[in-house]
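Questions regarding the structure given below will be posed in turn.
Residue numbering begins at 1 within each chain, and the chains themselves are lettered A, B, C, D and E in the order written.
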Amino acid sequence: MADSLLSVQSLNKRFGAVQASRDLSLEVARGELHALIGPNGAGKTTAINQLCGETLPDSGQIVFDGRRITRMPAYRRAQLGMARSYQITSVFDQLTVRENLSLAVQAHHGHSFRFWRKAGSDPAVRQAVLPAMARVDLESRADVPAASLSHGEKRQLEVGMALAGRPKILLLDEPYAGMGPGGAVELTRLIQRLKTEVTILLVEHDMGAVFRLADRITVLVYGQAIASGTPGEIREDAQVRKAYLGDETPVRP
Amino acid sequence: MLEVDQIETVYGKSQVLFGVSMTVREGEVVTLLGRNGMGKSTTVRSIMGLTPIRRGRIVFDGRAIDRLPAYAIARLGIGLVPEGRQIFPNLTVRENMVATAANRQNAKSPYTLDDVLSIFPRLADRLNHYGNQLSGGEQQMLAVVRALMTNPRLLILDEATEGLAPLVRKEIWQALAMLKANGHAILVIDKNLDALMKLAERHCIMENGRVVWRGNSVELAGDDALRARYLGV
Amino acid sequence: AEPVKIGMITTLSTKAGYLGEEIRDGFQLAIDQEGGRLGGVPVALLVDDDGRKPERARQIADRFIKRDGVKIMTGIVFSNVAIAVVPKVVRQEVIYVSANAGPSLLAGKGCHENYFNVAYQNDNLDEVVGRYVTDAGFKNVYLLAPNYPAGKDHLGGFKRYYEGAIAGEVYTKLGQSDYAAEIAALRAARPDGVFFFLPGGMGINFLKQYAQAGLNRTIPVFGPAFSFDERLLQAVKDAAIGVKNGSQWCHDLDNPANRQFVAAFKKAYGRTPTLYASQGYDAARLIGSALKQAGGNVDGLDALRNAIRRADFATVRGKFSFSANQHPVQDIYIREVVKDAGGHYTNRTVEAVFKDHANVYVEECKLK
Amino acid sequence: MLLFIEQLLNGLQLGIMLFLMSAGLTLVFGIMQVINLAHGSFYMIGAYVGATVTARTGSFVLGILAALPAAALAGMLVEILVLRRLYRKEHLDQVLATFGLIMFFNELTRIVWGRQPLFMDVPPWLAGSIEFIPGVPYPSYRLAVIAVGIMVGLLLYLLFTRTRMGMQIRAGAGNREMAGALGINIRRLYTLVFGLGTLLAGLAGVMAGPILAVEAGMGESILILTFVVIVIGGIGSIRGALAGALLVGLVDTLGRAFLPTVLRLFFSAAYADGIAASLASMSVYILMAAVLVCRPRGLVPAHA
Amino acid sequence: MHKLPVNRRTLSVAAGAAVLLALPVVAGLAGEPYLVTLFGRILIYALAAVSLDLMLGFGGMVSLGHAAFFGIGAYVVCILSLHGLEGTPVFVWPFELGGHQSGLVLWPAAVFFSAASAAVIGALSLRTSGMHFIMITLAFAQMLYYFFVSLEAYGGDDGISLFSRNTFAGLDLADDTQFYYLCLAALAAFLFFSHRLVHSRFGMVIRGCRENERRMKSLGFPTFRYRLVCFVIAGAGAGLAGALIANQTEYVSPGLMHWTRSGEILVMVLLGGMGTLFGPVLGAATLLLMEEFLSVYTEHWMVYLGPFLIVVVLFAKRGIYGLIAGVNDNHG
């Protein structure tokens, strides 16, 4: 595919007896929102971990933006424009919301071997933090340490940090988890807006959101991609219904 | 069975609950609803004795429990599925299940390992994995199982379906319905309004540390403005 | 008049704390016997614990000198502490009388007119064993010491007078507690004797394990007195019986001063004095003799120095004078560990091997 | 060759002895995740009480029987008065508090027992040597230490992997709050386990008494070595602690025994002896650094 | 939130600074001149403690081997000036290094060598984390300790003495008061540098690594490098402190590197309040002053010092600094 931003070829990853990725191939086109769904333990998070470099695959190949990144360390991939959010909230508890986001911004402003100037008064960083904070609706909590945020607020921050660095691709691992019903609606709005700016790979169990947002969907079962296609195709796929969706077919397209 | 009366709770200097009251009766399913950060989980933590309350009273089965340590409250028969899973990372799946298992209320047919594994077969072939090696969803299942294995009379679920695949989520709702049918009381926090309205008879909506609305499923379903105002849907 | 202040920096804490305690108690005894005086001059003894840390000792010395106006100091147990403290204080017109540590540096190149050692030069107690072992006909001795310069110095002292062959020379880790490997190697080397320098707990461990391996009955052990003082012996008991060790003093030395000292010490503290206590006592008596001659005047150091150099006091060792580098010239004995009639473990004098023995560093010292 | 076998045996024996000493620490540090620098103090308490009672009664067995509860009680008291209040705080607060405890206990023993080392001897019925490899007589007491060490290790292993209590302790270490919320009386459990840990320390102390010097501060010299053992083995794992102990014992012993000979092949005798002695002193630390550089979580990492 | 610009925190820092500035004068007037050396030692240990706190309190790297760098700094000064005195080179390969007497040369050299060894030790140690990191730093420090114990050329366990204090840009360092002010200046400079550092971009990264290194990596930070640089800076700070202590006591021995010394520096940080910049200064002062004065009153001073430490842990939130300044933020 010519306009493929991220291309994964026959990835394999095994944890002892568990084959978490089995000959997994995946193409994410530039600008699309690609959803990755599948039962619990199917290997979605493991796939994301391999994409962003936290786990190294046993075999296979990953190409991002024309470069082979299969064995590249995680921070290099992030610098190339790959950002992720974690399924299990992973923010800096002792730092405030603002500082959390500043760090995310800083990561993309060249190196941080600057020992003298106050980070907080760095206009470049400051200017980027405000919109990031606004996007996830945390302005009113700017100076609260992340530890005192509620679970849902932490989830918002989690997504905010992934966004702050203006990445080329966003790997979102269950961003809806923990968002209240209201938050979910807002998050959907946010992702809809983001779709126009950035390529997104979305792992999610909220089928309403997935079918509303995704351009294409890949279904993973036992580490293997069993189907890939438009939401319409996936919804009709008998295998997918049996393995994953059950009768919970989203009513609204 | 459970009576929460005007409780106030603080974290350090910031007050989070401002006089929350609610009740759960024998065999009843009650929900706590509200946007993020409104104090639902804090209410649960207060009930469990994980965060001490500053004012108010909590009574379980006619006994004041608001000064008891968490383990004593749990032993009275309250089971918790906490927010964010909180499984024991350094125990295997099997150990997670049996380490705290108990039948203190002498339930006639206590849960056994086989029972819970039949609800979540996915866990069966993970028994010797450590908690931190599980996928997010698997951890969530484990958290539910762990609470069930204490054979509680009141089960508290704080976002227990977070991160579960649709099929599994359905399983959980079915399991809860079954529990309810067996006379268990349940206090549940979840974002799946549709499922909640089917399962629960009474709902409490919280905002900024207060319960601002109480009612039954019919009332909640019928009031779009209410849902839009407090839940954002 | 104001009592003359004497500053005692010594080690009271840490495992080695009992050494400082002995020195202090011996010193204090001399003062108590005179009712708060030394040589008829009222004195005040200031004691502080250096915790075996050179810098702390340095700090205490500074306080003694600057705040308390101390002109006479004593008490340091360990050589490294002495090396850190002594050169600095003697340059500040303070007299230092060592009641234990006698490092070669301070005897040789680093000697100073204000520094006196009333105990021994470190090598002395090894030299005597070297001589004794040679005279007793040992031909193949195995050597053991911790791996640090003092360990090598002590073995060097032994080798200076030992003329036989060396079956093995082993340096162990400082503070080592298990000697099974060394003992096995030692047994395999089949020596006819063992000389070791392992101060403090290391020595206890070694001796116990040596006895448990059954070797104390077949291969005799020798060493300087440091592992055989009366307080350590209570921790080793039978395992040390029969060991010959070198010392400049023993509680059974037959001279009036010593008989009087041992009896008084036992009465005051309820235990047999160790050589450290005898050194503390002698240090006090030496200072007392000098104070007396100087008429209690510590401002003119010349008088005091000259008086000390004369060493005009009844030492518990019988005979005592200073060499040119202001270290002892004295008899040095071989003692043997025994169990006395009362069931106490103690030392008994075997013989005086060296008469009027000085030290080899006199040459290096520029004092005349 | 015989010498080599003997040294190998010495190494194994030192390893087991180290394991006995680290057993209590494995429990407290490895599994409860409490950094207890004062662990050596309980070792010392065990040795002192054991030595005193043995001296008074003349019975080593009574000495042990007195030392164990003394160490356990002291441990539980410390847990209740001090450590219990620190679990919720930073891990490092434990370092500060237990550092204070070391000072306190060391000085207290000096006040109570005086400054000189205490005597403790091998009981007569263990005083001899056994020659189970011809030509290599071995002190029976050391063999007894080995036996006790293996037994303690086995018991601990069973306790932790086979009983629910073991799981609950680990659960408490993994997530204290949840363990409580699921009905474990974590406070009492921790007090008991801490007491068990210090009891084992006391046992090690009293067993070491006849071999080593019983003196104030004896705990610290052993403390670091036992930390090394546990860290090499992998924190939280009993099998790891055993493996670490044996490895440390072997490396240390063989290093001391044979490094000089080996180095003499390359350097002049005096020079070789010097380097060998220095290297032997450092061998344990070199071993630990090497293990951690290659396997940052130890040899047999526990999952946490 | 503060209406007045003076709050408890600024007040207490100002008071502390005033005390330290005025000390030599006051001590002279009070006829207690020895206090100047005592406080000089406190300043030096404070410097070492602050440097440890940089990596411990802000970077989350708990080292039990910090005294190694302290010792290296001290040894570099002593060895170089020894050779300077004798006019012999220290080594001739790979380049010839001669001795020297001037602090202007020696102290940067001390800092350089400590930083260089910190770079090596750090590069190896930072592969581990948590308790393992504590122990591996301890291991390296103990190796150095045993190395110097058996290093006969430089006194081994007996240590070596400095013939006299170094010369330093026209100052007379033999004069305790001048030396004291030099130490004070060094500490103040290092504190100021640290203050800027923890609030800089680099400081943010370090604090991020302390909290969640994995997340830092996924944000795009090569965390290893940042932590290593922090480790090296801390080592350099300790090296400077070592150079000063060598001059103050005019003596250095391997005891300076023993793990108990690392433990003491760690205790100073914790006692004063880790993650605060002034805390370690207070901690050093408290520990050394108590040691100094308790031991005058009773030889069993540790029976009191031990429980004192425990009481501080139990009742002070962020060490003594937290008690005095009443802060619970971690912004130094």
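Keep in mind that, in the parts below, a contact is a pair of C-beta atoms (placed from the backbone, for glycine too) under 8 Å apart; a residue touches a chain by one contact, two chains touch by 3 or more.
This one's a predicted model, so the numbers in the text were calculated from it and none came from an experiment.
Note: the chain lying farthest from chain D is A, by mean C-alpha position. Mean C-alpha position of chain D lies 31 Å from that of chain E.
With centres set at the average Cα position, the gap from chain B to chain C is 74 Å. Between chain B and chain D, the centres computed from C-alpha atoms are 44 Å apart.
Centre-to-centre separation between chain A and chain C, using Cα means, comes to 74 Å.
Among the residues of chain D, those touching two or more other chains are numbered 106-107, 110, 274, 277-278, 281. Contact of a single residue of chain E with at least two other chains is seen at positions 146, 149-150, 152, 301-302. Among all residues of chain A, none touch two or more other chains. Pairs of chains that satisfy the touch definition comprise A-B, A-E, B-D, C-D, C-E, D-E.
In the complex of the two chains, the chain B residues touching chain A come out as 11-12, 14, 34-38, 41, 83-85, 122, 126, 129, 133-141, 159, 162-170, 191, 193, 231-233.
Residues 3, 6-7, 10-11, 13-14, 17, 106-107, 110, 114-119, 121-122, 127, 129, 137, 139, 141-142, 210-218, 221-222, 253-254, 256-257, 260, 273-274, 277-278, 280-281 of chain D are the ones touching chain C in the complex.
Those residues of chain B whose C-beta lies close enough to touch chain D in the complex are 48-50, 69-75, 79-80, 82, 86-91, 95-96, 98-100, 102, 104, 130-133, 146-147, 150. Across the complex, chain E meets chain C through its residues 31-34, 37-38, 41, 146, 149-150, 152, 155-159, 161, 245, 248-251, 253, 255, 291-292, 295-296, 299, 301-302. Interface residues of chain E, counted against chain A in their complex, comprise 193, 196-197, 199-205, 207-208, 210-212, 214-223, 226, 229, 330.
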